[in-house]
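For reference, the structures are reproduced in the following blocks.
Two complexes follow with chain A in common, the first pairing it with chain B and the second with chain C.
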Partner chain A sequence: MKKEMFEPFNSSDNNFEQCVKCTICTVYCPVLEVNPDYPGPKQSGPDGERLRLKDQNFYDESLKLCLNCKRCEVACPHGVKIGDIIQLARIKYSKKKPKVRDMILANTDIVGTMASTFAPIVNPIVALKPVRLMMDGVLKIDHHRIFPKYAGMRFETWYRRYAASKQNDFKKHVSYFHGCYVNYNFPKQGKDLVKIMNAAGYGVHLLEKEKCCGVALISNGLINQATKQAKHNVEAFKKSIVDKNMPVISTSSTCIFTIRDEYPHLLGVKNDEIRNESELATRFLFRLIDSGKLTLVFKKDYKKRIAYHTPCHMEKLGWSIYSTALLKMIPGIDFVSLESRCCGIAGTYGFKKENYKTSQGVGKPLFDQIESSDVDFAATDCETCKWQIEMSTTKKVEHPISILAEALDVEATVKLWQK
Partner chain B sequence: MNKNISKEYDVIIIGGGATGAGTARDCAMRGLSVLLVERHDFATGATGRNHGLLHSGARYAVTDHESAAECIKENMILRRIANHCVEENDGLFITLPEDDISFQSQFVDACKSAGIGTEILDPDFARRIEPSVNPDLIGAVKVPDGSVDPFRLTMSNALDARIHGAVLLTQHEVTGVVKEQNRVIGVVLFNHERKEKVKYYAKIIVNAGGIWGHHIADLAGVNINMFPAKGSLLIFGHRVNKMVLNRCRKPANADILVPGDTICLIGTTSERIPYDQIDNMFVSRKDVDVLIREGVKLSPALTATRILRAYAGVRPLVAADNDPSGRSISRGIVLLDHQERDGLSGFITITGGKLMTYRLMAEEATDLICKKLSVDKQCETAEKSLPGAEKSEHPLSIATEKVYTGANISQKSAKDRHGTLAKNISNGDDYEDSLVCECEGVSIAEVKYAINELHVNNLIDLRRRTRVGMGTCQGELCACRAAALLCESSEKSGKAKDDLANFLQERWKGMLPITWGEGINEIQFTSWIYEGIYGLKPDNN
Partner chain C sequence: MKFDNIIIGGGLSGLTCGIKLAEQGKKCAIVSSGQSAIHFFSGSFDLLGKIDGQDVKNPLEAIKILPDTHPYQRVGIENISRLVVEAPRLLDRAGLNFFGKADENHFVLTPMGIMKPTWLTIDDFTRFEQNDAFPWKKAVILNFSGFLDFHTLFVQDGLKKYNVDTQIKNFAMKEFEAIRRNPSEMRSTNIAKVFDSGDALDEFAQKVNQLSEGFEVVLLPAVFGLFTKNVALNLKAKVNKPVVLLPAIPPSVPGIRSQILLRKRFEELGGTYFLGDIVEQGTFKNNRLVAVQTNNHGDIKLEADQFVLASGSFYSKGIVATREKLYEPILGLDIDGDTDSEKWLDEKFFNDQPYMHYGVKTDSGFHALKNGKPIENLFVAGSVLGGANALKEGSGAGISLLTSLHVAEQILK
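Then we have the complex of A and B:
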């Protein structure tokens, strides 16, 4: 009771007052397009914030329908942090406690640790129909959903066993924030990164105990835990960036977006000292190449037709240009541009039964484009977009780094700088 | 003068401010036949241009014991009978380093003797319960201040008067007073809608014309010495504070920040103006400067908060009869029996006072009327709730129970505005629930209800009933939607364009003194919509 009394409910950073009610954001919201129950970014964001400051009972649980895709923010001509306002309102006002299901979905690393230890058992179980129906009925995880498979050997284990010892042979060094997905579900992506960076003359190191970036904790309302992990990560980043002068790169657009923007905006965790040196692997590589410090040589016989999907957080970061430019450098690539649209999964959002319809509705135009584009596979920087597209289309999805790794002529590339 | 209406009322009340509407209600509840006449719309005088502070009386405790005692009594009554017009926010009287902290104990003692409950708070505690307060404060006293919505309050009184048989005429201006020897027997009215003159008769005519009462008395041939005092205020874009913030010192300029509905208000300045300027409510740059400078001392967050509008009103202050120079001005209630004072029977004036004390003013006036008419009925306005404020079997929370719904906003807003009367607003239908005014959450259904039930003649009236156009966008998105609905339901659609232009012009007037920053972007955008897209031209006004 006492605690509630002291909650400063009427303090707000005034950014929402920059809104001039032009309603442009509303046109760009992918949820509003398919689900009329959602009040939309303008109403949930700046308009709603003003009402909530009058009386917090104006908070409406429909704000949970927001994907936090931030496409509204990209569209807003007045720089209103609409998505942040909505997420903060959920953090501040939601009285609904996260469910067991939300905890399971949110704790990607703990569940990942358990699952990858028992991967051979977990994978068949999660794939079995009765189990999936049980998850649907009891946990309200939609039964159409296929969980990403858990790999037998974690990326971290592989790295320590097979890669770590060679990294000090290089003159230049970076740290790699691999994220949960690479660690538990898809170590290959991490291996591909090590391959490319090594080929480019960089040693790759792990952070001192990275923790999950916490994006799923935030969207499921587990804020205290998210804040704890954020603080831990910022410290770990500092040790690399400030103490050892080693930038941190990542292959996950969502992790890096969360660390750069959501930490300070939503969790109030300061990251000024590390923000500039924390970036996406594709951006890091592009900038090396663009400034003449690196040349990549590609295999002559690599020929693929691919379509690049811009994840929402890449749209917000404004960084998809780096990934696409890298891909276009590969001579054998026939590149298809897709209209930038949300795929609808938004992390754990699409896994929840109540969101399934909205999620697939949002993604449909994208799926149709991919299906009709006649590509060998699609490419994207975000792991959840990958699941969603693979679940909803007949195409496989690869990470740009994996495509580069596949197309790269390692020996020829190394020769260029080893002389 | 082409019309003579033979019906004679018991009372005609001139002025549709809180005082007039309250008097109409009281008279009607005591069984009198009542006609209320107002030249524009309800609450267009000082009632619609004040600070909306539900005084606890603390502000007057040290300087004016009688007003303070009146305030706290009426404060408690209004919480009961008008709970949908009142927000029980409480207030803080803060002492800043530049103020004399010894004033605090004098203040607390004075409050005690007026019957106002106080609680001295540790500055640290004050900062925690009111995070927007100036963190430099060295002292704080909590008092039972609140906020009152003058539009709702006046309208509820008018509605209840109508329920008890009163006839209400807006757009009817008194242009003459009909006398028979030393007796006032009726009024001459100009109907602004139809552009024609009418006469009505009554046994007693009540002058509740606020500051304009001076002129009305003139028409009756008696003299009241009014001293108009202009006060300016600024409206901020959202609610910065949840408690009323005052300075703990002798009352001065711009030292109260009142939260009200979605916004907060800093005020007021105080400036004597000549009587011929009372309809010229211009807010000067100097006023704006003073308001901002003093306001940020109460709450530094105001520096970063958008200002929506500036406006001014005139306090109806009356000079004591024995001092025509106006040096000793009464802030209390002034009830004049012109029979006793001037030998003119059938005419009384009720003025002075405050919005806060409108009910008491109405009671005193009605007591005098009843005495004159030999009607023996007790006043019940302190016990009987206003329409909308009745205790309902359905608690407010019901409106917010639906989980996924945009309609939540309009339904909750409507409850906040109309109290239990919100049940008359249809909901649950997607079309009717959709918003006309997005900033303030006014639905199509609410607009229709207001047009049909709440005496609306034009868009500006509609704004006073519903808050359409009072939000951040100041009519940018809602004005045209509301105009369309008004057009649909009234036969005078030819006038719609002018009405729309008037509405926007009136919004613009309030924005003019504070046009900078985001405000100017928004105004530009509004003008693109209305001039560019809808082809509204300056000569529509």
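Then we have the complex of A and C:
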């Protein structure tokens, strides 16, 4: 029954012919809500596409105001891939060359390599007010932004030194796509992942060589480089999934969304052989628990009040249920649901001076909810949401995997499958 | 992933069914591929507006002469009499205040200036007792400059029939300058967002008071209260003349608010609402539906004891017609309708079109049929059902609300 449903008469991949002009998408676009200069999803997406197909001069640079949050797609009753249409139009028609600033923001891995090597020097420098003002003036990176700190020892280094040798003791195995953030800024999240997976009976391995998923390259218009990295990653995933029968898990919702959906939709990089077995760690764990193959035992004294924020890409994936279901399994957690809203950062978007106001305006309803929720901290699966919320509220943000790692009784959990 | 009940479709029927089940402690999930027909909602829920082209005065009585195949007859008159009392209460608990009687239609003024019979009307709008008179003689019709989704001339024309002396006035406010610059965005929902977030309402009310001097009543498009409740009521309190709101071209502001509040109520009761996900297929075993598979959850199937199909009609693709065939696209259920496509259309466009009666076939207990056999734990509710031309007879929301509550009762038995 599957295929016939939404595409009986289509010729395009993104369904723009299915648009019935109902304007429902425009109601839910977070940018339109705060910035009337943005033409909105319907105008920029399916309506604009019709015009652009006739004459590409109809392309409008204001399309770069789109956050690519895909909330319009989630709302559309007709399966129109509005966000994809907009991003593809930017890729195809934009004549503006990416600025130096955009290259810096986009190359998270190269910049990360340099910065983490010199972390003790870089961190204090980018934190200095005059430097931030200089970045604001010259590079147009908004001075309100606080750069995430770079860690001294990269996750990969830590893994090779302290974790790699133990991984072959396990019977079952997964590969871990850690992403730039875990590697350069926050290795703890990767260590927590290894702790949980080991407790669940899985050895964790790195891919032969992972490259940055490329999400920031795509949004900053560096398409050739993004495509190259995508092809590289798909090959690396294949070596794990197809050759070694090892699924790939990740802790970053944005990386995994990009690899599963943006590679084929925006970059034309086929991923059929790896897509189903590339997923989030929380989904992987949920499946094990749901099918009775794993039981997690939690510490008795862990007590926290937590609010979960659904990142836009989790909303699009529909996967926040896995993270929240796992959190709710922890007996000591007092769980607060937040209304799903965009936080406004959208990766590197909010770092740009021209977007700062829009970015904070979009996020305000979310910040207000978190501020008034009286929680110990917030939880979310996306690293840029974490920066944004930590910068804009008084609350800290933790990854669900880190919360599980903190609350888990490792010994008791291991005992259950070892016997 | 296991639930007590899973509902396919998150429109009016899916949500009210889910709310009723969740109120009784069921662990429910709703999967909805996109936003629903409530976004186009006029502000009123119809029970039965017309039979053979004639206005119905007492829907509860009139239902009795509908054919046996009509969903109301299949729910049963006794059940209907009970559920018409329950439905507005359930909506009320979700924060939606609807007023009206099932044994006596009232009238609402449409944007075409016509009085239309209906059952329940949300408190934004004005209910009229008669369809041959308008209570005021001098009316001012106000509109926002540049707002093209409210056709003041139609309203004026329609009111002539009731001998109302009308004047149309347009006005501008600086709060709307930004959205006006972008003509495609001067829409009711965007105007509503301005009122939602700021203090534009006071200034606006003052303006309305000035412009309505010398008139008995003010007519305005319904652009108040999208994400915030009570904006329309606050406005009415600030304006010294009676205010009559009229629906603008959809998406409808009160409709979207209704959708949001229903979903919120469902979630507060512990329900799980999966928006933007598509149910793709089901696993059947011994005339039971065991699990459904969705696009987002893939191999992690959604299991439940009972399922409800509330996937809407043609508009929401609960039913699909291609040139050759008519089918239910998700589970391949039996269809109540002609398989011969020659018979779908009556050549006279305004006649009762046969295809408008088509829908998923059920047994008397609203179980879906597959290859002629009832599926024990799969119920069907809302506009995906066949047996009625909701558009022609004015029964859309009534069928959705009452069949969904009826089905919920079957599940709770």
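Brief remarks on what is shown
In the analysis below, the second predicted complex is superposed on the first by the 405 of 419 C-alpha atoms of A that agree within 3 Å, B and C clash if a C-alpha of one lies under 4 Å from a C-alpha of the other, contacts with A are read in each partner's own complex, and residues count from 1 in each chain.
The rule is simple: a residue touches a chain if its C-beta (ideal position, glycine included) is under 8 Å from a C-beta of that chain, and two chains touch if they have at least 3 such contacts.
In this text the structure is predicted, and so the values were computed from the model without any measurement.
In the superposed pair of complexes, A:D261 makes contact with neither chain B nor chain C. Residue contacts after overlaying the shared chain place A:C22 against chain B and chain C alike.
In the superposed model, A:E61 makes contact with chain B only, not with chain C. In the superposed model, A:K316 lies in contact with chain C only, and not with chain B. By the document's definition of touching, of the two partners only chain C reaches A:N276; chain B does not. Judged by the touch definition given at the top, the superposed model places A:S337 against chain C, while chain B stays out of reach. Looking at the shared chain after the overlay, A:D381 reaches neither chain B nor chain C.
Of the two partner chains, both chain B and chain C are touched by A:Q43.
In the overlay built on the shared chain, the residue A:L53 is in contact with chain B alone; chain C does not reach it. Residues 5-6, 8, 22-23, 36-37, 39-40, 42-43, 47, 78 of chain A are contacted both by chain B in one complex and by chain C in the other.
By the touch criterion given at the top, residues 1-2, 33-36, 39-40, 178-179, 181-182, 184-185, 187, 189-190, 193, 226, 250-251, 256, 267, 272, 274-278, 280-281, 294, 296-300, 316-317, 320, 322, 329-332 of chain C touch chain A in their complex. Those residues of chain B whose C-beta lies close enough to touch chain A in the complex are 128-129, 131-132, 237-242, 261-262, 301, 304-306, 397, 400, 403-406, 408-409, 412-413, 416, 430, 435, 438-439, 441, 471-473, 476-477, 518, 521-522, 525.
Those residues of chain A whose C-beta lies close enough to touch chain B in the complex are 5-6, 8-12, 14, 16-23, 36-40, 42-43, 46-51, 53-55, 57-58, 60-62, 65, 78. Interface of chain A with chain C (complex): residues 1-2, 4-6, 8, 22-24, 26-27, 32-33, 36-37, 39-40, 42-43, 47, 73-79, 276, 283, 286-287, 290, 315-319, 321, 337.
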